[in-house]
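First chain A sits with chain B, and in the next complex the same chain sits with chain C.
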Partner chain A sequence: MKQERSVENAVLAGPIVLFLLAILGFPTLLSLVYGFSETTFQTLTTPEFSGLKNFRDVTADPTFWQAAWFSLRFGAITAVLQCALGLALAVYLAPLVRRHGWTVAILIIPMIVAPAMMGLMYRLVLHEFAGPLPHYMYSWFGWSPSFLGPANVFKTLVVAETLQWTPFAFLLFLTAFQSIPDDLREAAAVDGTRPWRLFWKIELPLMMPTVFVALFIRFIDGFRVFDNIYTLVGAGPGGSTTSMSIYIYETFLRRGEIGKAMAAAILLFVSAFVILALAQRLMRRRTP
Partner chain B sequence: MIFKTKLRATAAMLAMLAGGAAQAEVTVLGWPGGPEEAALRAVTEVYNAKADLAAENKVELLFTSREGFFDKLQVDLAAGSTAFDINLIATYSIGRYAPFMEPVTLSDQAGAVFGDTVLKTMQFNGAQYGVPTDLSLHFLYYRSDLIDALMADDAAKAKYSEIAMQYLGKAMEPKAPADWTWEDFVANALYFTQSINPDSPTRYGTVIQAKNLLFNMMVFHSWPRSYGGNWMDDSGAITVDSEAFRTALSQAKMLFDLGATPPDSTSYEYAEANAAYSSGQVAAMVQWNAAAGELTTAQAATGTTAPPAGPDGRYTHIHGLGLGLNKAAENKEGALAFLQWLSTEEAALAYAKAGGAPGLAAETAAKLAADRPDLVQVGEYASTYGFVMNGGTAEKALAVYEAQAKEFTGYWAGTQDLDTALKNAAASMAELLK
Partner chain C sequence: MKPRLTLRWIVFAIAAFVMNFPVLATLVTAFKSSGEVSRNPSLWIEAPTLENFATVLTISDRLNVYHYLWNSLAAALIGSVLPMIVAFPMAWAMVRRGYGRAILFPLVVNLRALPLIIFAIPLYMMYATLGLLDTRLGLGLLLAIVNLPLALMLLVNAVAEIPVELEEAAHMDGARLPRLLFKVVLPLCRPALITTFVFGFITAWNEFLFGLMLTTREAVPMTVGASFFFATSGGGVQWGTASAVMVVAALPPLLLGLIMYRRITGSMVAGAVKG
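Up next is the complex of A and B:
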């Protein structure tokens, strides 16, 4: 009986395992091969093993570290901002959403837009001569900040990313907030607990696992950001808006250094994996 | 019954599609979405209508999207794709694609139709890799109404001299744009900038497209070239860290620092720079010849001339788009026949009349003087002022442009100094062009 079930499981799981191996396994394997090889577009089918050379080249490249620092800052700042805003919105709007569930659909609209489209949209909206925002600022105040100039571009990118993805954090926090049993709130109210104290001492601690998950997901998404930045400002003057993903893309396709690009991709994967492991460990410690 | 009818209809449709595909045996991957596409469609119709053309050599066109076109093409060619027999190439990417392409022999008329300078834009290591179809170079666009008003006003001229003295250390006089040096270009940009001259009718004197993008380096290169700058000398030594590049980069930097170009310019490419000029808030700019229609429509009082001169003369970067033979092509014979025909006068004239911008020799361009007077100007500038940097068609030429774009835009944006930018650019180029 047990053996029959085991065969049945294998048969049922077989197609999805094969599918994953083909879709994820093959590119991963190829990336590993190229990461440890001297490969160009002419030698795609005949890569020559070069040991750790690509990794040495990547770590000796100042642009790689510049991109890593950009991604780290961008990922951390946007994750914190999105989670703070998403949490505040979820708590503040929970009563409204409970009465009118359809409002959620409006709040998550930014999330539905493809990031590349969002970048193109901001490129138009923020343009000094064609964009509505600078136009009205010049009309009303006779001045407009240079949104995409060297001094402000990082802040503009952070705001654009935060506006687009805060709804994602909001959705997670709303679900967590709504799943807190009403009995707890009622009991606290009977004891005379004020709303602020109720939030800090009861609701927020119960939502902490979700906060960690949201922070982690948003950080990883911010760390590997590509589309919206690439379509809005590209790699930036002097590489100032080059994220890790943009670095990998440009190294691979523009410079044709396939091995080096794959080595950078492997390092990106490993760092994401380490962060995931650390976050999980932290969550386990925090969870009562 | 209904199911069977539907099945038959589907089978008939598939058969028709298959039949259509079987007739078009030479597939051309063209540059999508612009006048180049319209022109290629027009000449293909002319070619396919020829009575002596075998059915298996008829031409079918394939267009994808401009976004990431050259990257996708690189991957397709490297993978040995047989989806197309003929593909687009550009001067700056010939070296990159040459290992996956085959040299071609053009028609006997090609030399007379295009001229040597233009044919060279499709050559790599001495071999002809394509037929030049469109030529790109740069014009200096300027607001002729503003320049005329300046030249006619003594008080304005005095102010112009005063600004030139203050920022350039010389009491310069305004001149007609056809006589401008790069110093005149800078002086004019400063004069027409409101933060320097509150009476200026425009907010900015110029707009420099300075996004970290390889095409923006092509626009910039006419500037150092006119001071004698080049990528390499004849012995192959990298010469980017030179007085010529230093002068041009510093002059441009002055325009950024003094606000003579919009502060967002470091995120501008072709479209944004055109929008700035079209808004009427910019007095003059150096831009691709392809923008002529758009800019003169937006600002009717727009004059065009060749980019300003330097001590070494007047120059404009040129590069061509063209069509060449995929090494993995399945119908090489048919593809070569089409490419040969494309290099004849008949094809070049049809291409130009349909909206393309081929770089034509003076005699051929003269035949289009009534339909396409702009091509006469393009042909003249290409043969008189056109240049390709030493190494501009090398295998990694695109990466060289990319490296320069990163370093030079960093200098303009103030993230690094000039010495560092030039040192880094030279180091990257030495690695890429070795």
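Up next is the complex of A and C:
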């Protein structure tokens, strides 16, 4: 009986384990091999062991650190903006959404559009001759900033990312807000609690776990950003919008420095892992 | 109460307009003639025309939208159905027997938070050796990895909600495991399976990085194909045509998403809370 069970368990787990091993296990091994080897596209099958050389190359490359700093900043700033906006919208629009559920569908449209498409769409929106935004800026204010110029490109990307993913934060907060029991609010109303105070003293503390989750998810997604930046500006003026993902992509496909790209990917993996572990520890402590 | 709702309508309208502005501008531009695009960049269309869509939907040597659409469809179907197939038995074993909960569950769920580029390079090498580069199957397998965490989470949630008495009753009647899984548990998981499919399909259709890296000609998906329209011809981007392409590319996930928006919002929240 017991033996039959363990055979059954193995069969049940088989498909997913085999799938993971085939698609992720083998490549992970490969990446370790190449990360520590000297390789180009011409010598793919004969990697030559070179120890930590690739890691030294990467950590000596100022572009790598620029990309790391860009990703960190981009992830942190967009996460905070999206959560602040999303929280405000969710709390303020909750009574409207309760009566007219379809309004949610309109607000989540940006989330369903591919980030790569969104980047392309912003190319149209911001184009100096064909774009509606510069057009209206000129006709209303007689002036329009160079949205994708070196001075503004970071801000533009932050705004674009924020506008696309605020709906995600909005949705999480809306659900959290709606699941707060109504009798809590009614009791507060009987006590004569002002709405503003109700929010700060009761509603926000109850939504705090969701705030952490939303901040974390949005930070991770901002940190690994690729699609929309790549389609909108590529590496940007002077490489100023090179995120970690774009750095690895360019090192690999454009410059063919396989070992170096792989070393950067391994470093990225390790840092993502550390961030993940820390965040989960933090969250576990907050929500006993 | 009433005037306060009015103010909320206004805030809703502004938020909806600002967040959807790129989509709106693209939609408008897609209906402008090429002459009008260069003359009139506003959100107003003077003479609506379908010529851009006609151009996009006509097959030319360089750009074949049907080909991209078919690639995206095939890869997205593999990428959304395969995770359900491999995750379903595991989800049941995790819930009912606690098997794999300690290591496999957190491992798969945390995949969601890793930058995909990490796997892209070694997979490129592996695909090059296996001949999977630039194939719909190769792209689909990767998209399946992207969707696996959410599929497993949603299915674990779904199985956990099935009353164990139901399964015990079936067991008493002499149903063996395969029969129990496919005749009793699977039908009860149908809502979760639909949600997983809708969400997975949209995610897979919208994926860009793997499409860019792992395909060159034969298996180029719609998201990557659409970006080609921005690079063609020396005379700059044809904004009308490019906009029409983007409308075509964004339409399938948008339609699916808007029809099923209640399910998407639900799964988003379920996925986030566990993640």
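Here, the second predicted complex is superposed on the first by the 283 of 288 C-alpha atoms of A that agree within 3 Å, B and C clash if a C-alpha of one lies under 4 Å from a C-alpha of the other, contacts with A are read in each partner's own complex, and residues count from 1 in each chain.
Rule of thumb we're sticking to: a residue touches a chain if its C-beta (ideal position, glycine included) is under 8 Å from a C-beta of that chain, and two chains touch if they have at least 3 such contacts.
Just so it is clear, the model here is predicted, and its values are computed rather than measured.
Once the structures are superposed on A, label A:253 by its partner contacts, choosing first (chain B), second (chain C), both or neither.
Both partners.
Check the residue A:172 against both partner chains and state whether it touches chain B (first), chain C (second), both, or neither.
Only chain C is touched by A:172; chain B is not.
Comparing chain B against chain C, which has contacts with more of the residues in chain A?
Of chain B and chain C, the partner in contact with more residues of chain A is C.
Identify the partner contact of A:244: answer first if only chain B is touched, second if only chain C is, both if each is, neither if none is.
second
Now for A:130: first (chain B), second (chain C), both, or neither, which partner does it touch?
A:130 sits against chain B and chain C alike.
Figure out whether A:17 sits in contact with chain B (first) or chain C (second), or with both, or with neither.
A:17 contacts chain C only, not chain B.
So, A:263: does it touch chain B (first), chain C (second), both, or neither?
After superposition on chain A, A:263 lies in contact with neither partner.
Which of the two partners, first being chain B and second being chain C, lies in contact with A:83: first, second, both, or neither?
Neither partner.
Please write out, lowest number first, the residues of chain A touched by both chain B and chain C across the two complexes.
Touching chain B in the first complex and chain C in the second, residues 44, 123, 127, 129-130, 253 of chain A appear in both lists.
Give the list of chain C residues in touch with chain A in this complex.
4-5, 8-9, 11-12, 15-16, 18-23, 25-26, 28-29, 37-38, 41-43, 82, 85-87, 89-90, 92-93, 97, 99-100, 104, 108, 110-111, 113-126, 128, 141-142, 144-145, 148, 152, 177, 202, 205-209, 212-213, 223-224, 226-227, 230, 237, 239, 242-243, 246, 249-250, 253-254, 257-258, 261-262, 264-265, 268-269, 272-273, 275
If we count contacts the way the header does, which residues on chain B are in touch with chain A in the complex?
68, 71, 74-75, 77-79, 96, 99, 210-213, 262-264, 266-267, 272, 275-276, 278-279, 281, 396, 398-399, 402, 406-407, 409-416, 432
Please output the residues of chain A touching chain B within their complex, sorted ascending.
Those residues of chain A that touch chain B are 41-42, 44, 63, 123, 126-130, 146-151, 153, 232-240, 250, 253-256.
Considering only the defined contacts, which chain A positions touch chain C in the complex?
Answer in residue numbers: 5, 8-9, 11-17, 19-20, 23-24, 26-28, 30-31, 34, 44, 89, 92-93, 95-96, 99, 101, 103-110, 112-118, 120-125, 127, 129-136, 160, 163-164, 166-168, 171-172, 175, 210, 213-214, 217, 220, 223-224, 226-227, 230-231, 244-245, 248-249, 252-253, 258, 261-262, 265-266, 268-269, 272-273, 276.
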